[in-house]
Amino acid sequence: MHKYERTANVAIVGARGYTGQELARLLLAHPAARLTACFSTDATYRLSDLLPEASAASVPVYSLKDAIPSGGLDAIFLATPAEVSMELAPKLLEAGMSVIDLSGAFRLEAAQYPKWYGFEHKSASALAAARYGLVPWTKPSETKTPVLISNPGCYATAALTAILPLLAHGLIEPETLVIDAKSGTSGAGKKAAENLLFSEVDGDCLPYKVAAHQHLPEIIRHAKAFAGAEIDPAFSTHLLPVKRGITAAVYARVKKGVTASKVAGAFAEAYENYALVRHGAPAPALLSLRKVVGSARAHVAHHLDGDKLYVYSAIDNLLKGAASQAVENLNALLGLPVTTGLLDKEGTL
Amino acid sequence: MHKYERTANVAIVGARGYTGQELARLLLAHPAARLTACFSTDATYRLSDLLPEASAASVPVYSLKDAIPSGGLDAIFLATPAEVSMELAPKLLEAGMSVIDLSGAFRLEAAQYPKWYGFEHKSASALAAARYGLVPWTKPSETKTPVLISNPGCYATAALTAILPLLAHGLIEPETLVIDAKSGTSGAGKKAAENLLFSEVDGDCLPYKVAAHQHLPEIIRHAKAFAGAEIDPAFSTHLLPVKRGITAAVYARVKKGVTASKVAGAFAEAYENYALVRHGAPAPALLSLRKVVGSARAHVAHHLDGDKLYVYSAIDNLLKGAASQAVENLNALLGLPVTTGLLDKEGTL
Amino acid sequence: MHKYERTANVAIVGARGYTGQELARLLLAHPAARLTACFSTDATYRLSDLLPEASAASVPVYSLKDAIPSGGLDAIFLATPAEVSMELAPKLLEAGMSVIDLSGAFRLEAAQYPKWYGFEHKSASALAAARYGLVPWTKPSETKTPVLISNPGCYATAALTAILPLLAHGLIEPETLVIDAKSGTSGAGKKAAENLLFSEVDGDCLPYKVAAHQHLPEIIRHAKAFAGAEIDPAFSTHLLPVKRGITAAVYARVKKGVTASKVAGAFAEAYENYALVRHGAPAPALLSLRKVVGSARAHVAHHLDGDKLYVYSAIDNLLKGAASQAVENLNALLGLPVTTGLLDKEGTL
Amino acid sequence: MHKYERTANVAIVGARGYTGQELARLLLAHPAARLTACFSTDATYRLSDLLPEASAASVPVYSLKDAIPSGGLDAIFLATPAEVSMELAPKLLEAGMSVIDLSGAFRLEAAQYPKWYGFEHKSASALAAARYGLVPWTKPSETKTPVLISNPGCYATAALTAILPLLAHGLIEPETLVIDAKSGTSGAGKKAAENLLFSEVDGDCLPYKVAAHQHLPEIIRHAKAFAGAEIDPAFSTHLLPVKRGITAAVYARVKKGVTASKVAGAFAEAYENYALVRHGAPAPALLSLRKVVGSARAHVAHHLDGDKLYVYSAIDNLLKGAASQAVENLNALLGLPVTTGLLDKEGTL
């Protein structure tokens, strides 16, 4: 077993939700991090009620009302609603901790928040300093800690993983880009809502937030940042009668002269040094949600038919779309290989 | 209750499959048709084993090996594999019966069959004479009976219902057209296949037949026929963990100057005299599969965001996508309103 | 079509829930009843938003706060929580309307309510006068209207339909009786609750309310009332990842000398004049939930293995377990055959 | 990490099925076993097509037709149909390998096979020598290798884990025992069959093999062997619309004087030294399938209501009900703690 120089002390705010649970699970098994505490808006649960791992029993859960952590942690994960993260992150940064925020609070420009998130952004300087942590696209940085890392949205991760190689090489006509995404219900979290009841979701596949999903401006903004491309894709989101997983179909017309091997080459180049993306021609093993659920990987399949390019991207929305990518960001922060503690996360039946 | 001048005698070949069962159910309740018999390649079942309706008990099931019907029927429905339909239809026409074929045997041009269906078409003259029965787009005809009606494919019905009004009015840039369709498992029929097992389908949403689904050339061919439009859309099909229903998302860029009200007007004009299409702005009642499952209707919702047009089309794959549209075609053949016996087919929870 | 002497005017309080919707649907299609209005605690919906039937558009929805109906109705259905029904029913009876209550408010003895329902019963005289409407077991009565009919619980209907014939003929050892019941999620209604989320229910089959379900004393009380039997069964309820349907497995040891034909005879005698129970030996057509979902029937299958008796009972929890049995009770009230308007309710795929 | 003295070489016959895959996955990660090969009746697959683990790529798959292993292995697992196991096991034993058979070929007495398995048992001496490997009930043995271990059936494991503590202490009236079990579809394996199609299973909960399931005599036989108890329980099996997991409800009347604490004590004593059974009062964390799916544990919850005892037992049918229990048997064979390589198998959402 690899020997790590030191163990980082970390904590989670909001471990009761689906994402928080997965994050806690990953951190409990992480070889170079120690989950020292969880914080909750209501501290009425024990981590051992949520997770079967024996080690869960020794992690205390504190109420946020009583105690805001004031240091002593290398990093703290926020698995909280965007407005809560917006308030908390600057305070935690000031107290000297790096923050990895899993909400949407630091993904857009301040002016976009009223339209897409329904609130005014009140932490402008934290927002300006935040780094968008899309792995492996985000470049390592020399920034001194503490830093604020904005963990990408689940749909945005699935979409950007599929389109950035194409945009970076200028292979497609941007104005033909369409992203049709489908997500399992855990992406909507654990809050009780009529439209998420089993009786409502089962047997359906409901398109929702038509042309209004907050991950659309996130995709557009970071396509520009990472690939210099101006895009304005059509973007649909559907609610699948499935617990976990996102699958996104991406359509575009390629530019004149672009061949199948150029497309394959763009993916190969983008991900040759990154173990958590598998790509290739469409086949059930690459297209199936089941093959990525439980895994920290993204699967990308592509097919060129004339000038019509089909790309399918699949991730576990709670892992690569949230918790495991957050751990990748922690790893980068600690100077470890990004895949530390994640390579053995594999899908099951 | 309306009094019909006469009752048509009809039969079904292949009533044991999901589509055949739904067709039998509709015909048992039809006010102007009498289901006189079913024919099967293995006559080892009774219709009353499949359907709870008391009237099912009095419909005999004959083996096709023993007895090919030689007349006495006004129309016969073929719910058989394409190659079986290709062989049977000409014989039945010759025997004087009109044929409504629910397979793909008569939807394309002969030359397309090897590529898309994997067989050579051996009934060229029947194919040439077949009429594609997309309701309400197919015009009434003066053709003397017997006629061969090719009932449209389920994906093709969902797609054409959504795009024909747009194409007929020239509202969209055809080269930007994308159709992303998702279907329940009953569309694949009742045959035992590993990839259709519950253990394989549940929790997944598998894209399949990428750029290779036989309904793609069907959509292209009949878009030309009905709207004079040359299209070459990207087209994806996904297998939902759902029993019934198809939902298709259609994306296109509108032509310069096209407004939301022009789009709405195109749908209104296309379907103003047709009770089985509901259309409007996206809302769960129009977007939800549950609202069309069990119904003979199609629901179409559309939204224009800048020049990006989103159209969602939902049908019950076994009804509007197969059996109830076949009954519409029977009604047209009998000179009845196409919705006869179908308006009261309504979705449920 | 049968000509009914007169049409009864009826109304529903609480049509927005799953049961209320099904009830509205049945009443809209009923040949001898007219749904004149719905009442709601929040009148913010239209019936046509919930039901696709064209006739739904003409049924007004009133707020209960503004207007308590004061007569003019032959019967009113309460699809409301038990405490609301307890308050409303006496007022409506006083105003001269018969009441068919679908809640548990009038199924037990007053003294049982604190333990099983968590509230004191405040409408003792209405409770004493209420008639438990288990069809076909409830005998016709000469009571002058208005009457208060307590519509049985869904689990109680499934269980009593299976055990009453056995108890009435003294075929089983009562102290060996076990009832293991499984229900779809619609039985829990439409209220948002974390434990009913798709993410929680899918992939599970959770036993709940162990030895504490309020339908247990209902079963015990009415087994005594209808069959004179003192029973104290073990009773489990499970939440299935299914929207609709209840299946209950009933186990008991038969008394010495009881044969399979005696068991079959007891069922035949109990249900020979009642079209809405099908019974026989175990076979998928009788055991499958799918075959009763959408239907007003109960299916009962039985098998004797030595002295071990297995009985399986399946119903649609929203129909025979609620709405269609309520319509049976209306029919009885109006002097019509109990199956009026229900025989054509048949299951589908 | 613990240092094991030596690494055992093992192989699997039949790794393509659901159970075989899980077994391969466990063995690839086992700290003291090396999966050296897989054998198949059709060697047309690669293990890396089935499993995402990188180590899968280096495990060869041989056709059984070409090569029957002739030694060099410490143990071989048979994940094959019962008739295949019956033929293979004696040959492999003769060749010097210990055999862990996951089929039903060695669980009953020879005379029982025609009735419950539909074939004559042709390997009588192997059957007589086979040891039933129910962990932790099977006592360690001094038998020299090679040995034939019969891995228990999934339903039998769930049931015996729940009832053996009660029977061993004589707490219940055996003639009142009822076992109502529900299983996910993976228990039926991966073979294409119409009744296992998604379209057939979804929305249902079908009782099957009423009084005829082959795990009933297995439960009876081994209740006698482990607890000296003569039982003849009613036993039902249901097919859940769920991929993985078995939940069994066990009902019995306790003997006079038996208290809740005696029941709790029986479970505590039986499992005090065994980490893979969790037991306690009914609570969602112990009752939920989701909490054991993916885990090697069994969960048992019990509640005494008067003299009525309710016990609920939940396992992952592919793990504790098959593959992980087989690894426990391997561990016992190797003189390792039975939980080696299994304690970290934990359930997930």
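To keep things simple, chains are lettered A, B, C and D as they appear, and every chain counts its residues starting from 1.
Just so it is clear, a residue touches a chain if its C-beta (ideal position, glycine included) is under 8 Å from a C-beta of that chain, and two chains touch if they have at least 3 such contacts.
Note that the structure is predicted; figures quoted are calculated from it, not measured.
Compared with chain B, the chain whose C-alpha mean position is the greatest distance off is D.
Separating the centre of chain A from that of chain C, both taken as means of CA atoms, is a distance of 47 Å. Separating the CA-averaged centres of chain A and chain B is a span of 40 Å.
Averaged C-alpha coordinates give centres for chain A and chain D that are 38 Å from one another.
In chain C, the positions touching at least two other chains are 18, 186, 199, 203, 241-244, 349.
Under the stated contact rule, the graph of chain-to-chain touches is complete, every pair of chains being in contact.
For chain A in complex with chain B, the residues that touch the partner chain are 175-176, 178, 180, 182, 195, 199, 203-208, 210-211, 232, 234, 236, 238, 240-245, 247, 249, 251, 253, 282, 284, 287-290, 293, 301, 303, 305-306, 308, 310, 312, 349.
Against chain B, in their complex, chain C makes its touches with residues 1, 18, 21-22, 25, 29, 49, 51-54, 186, 203, 243-244, 285, 291, 294-295, 297, 318, 343-344, 346-349.
Interface residues of chain B facing chain D in the complex, by the touch rule stated above, are 18, 184-186, 188, 190-194, 196-203, 241-243.
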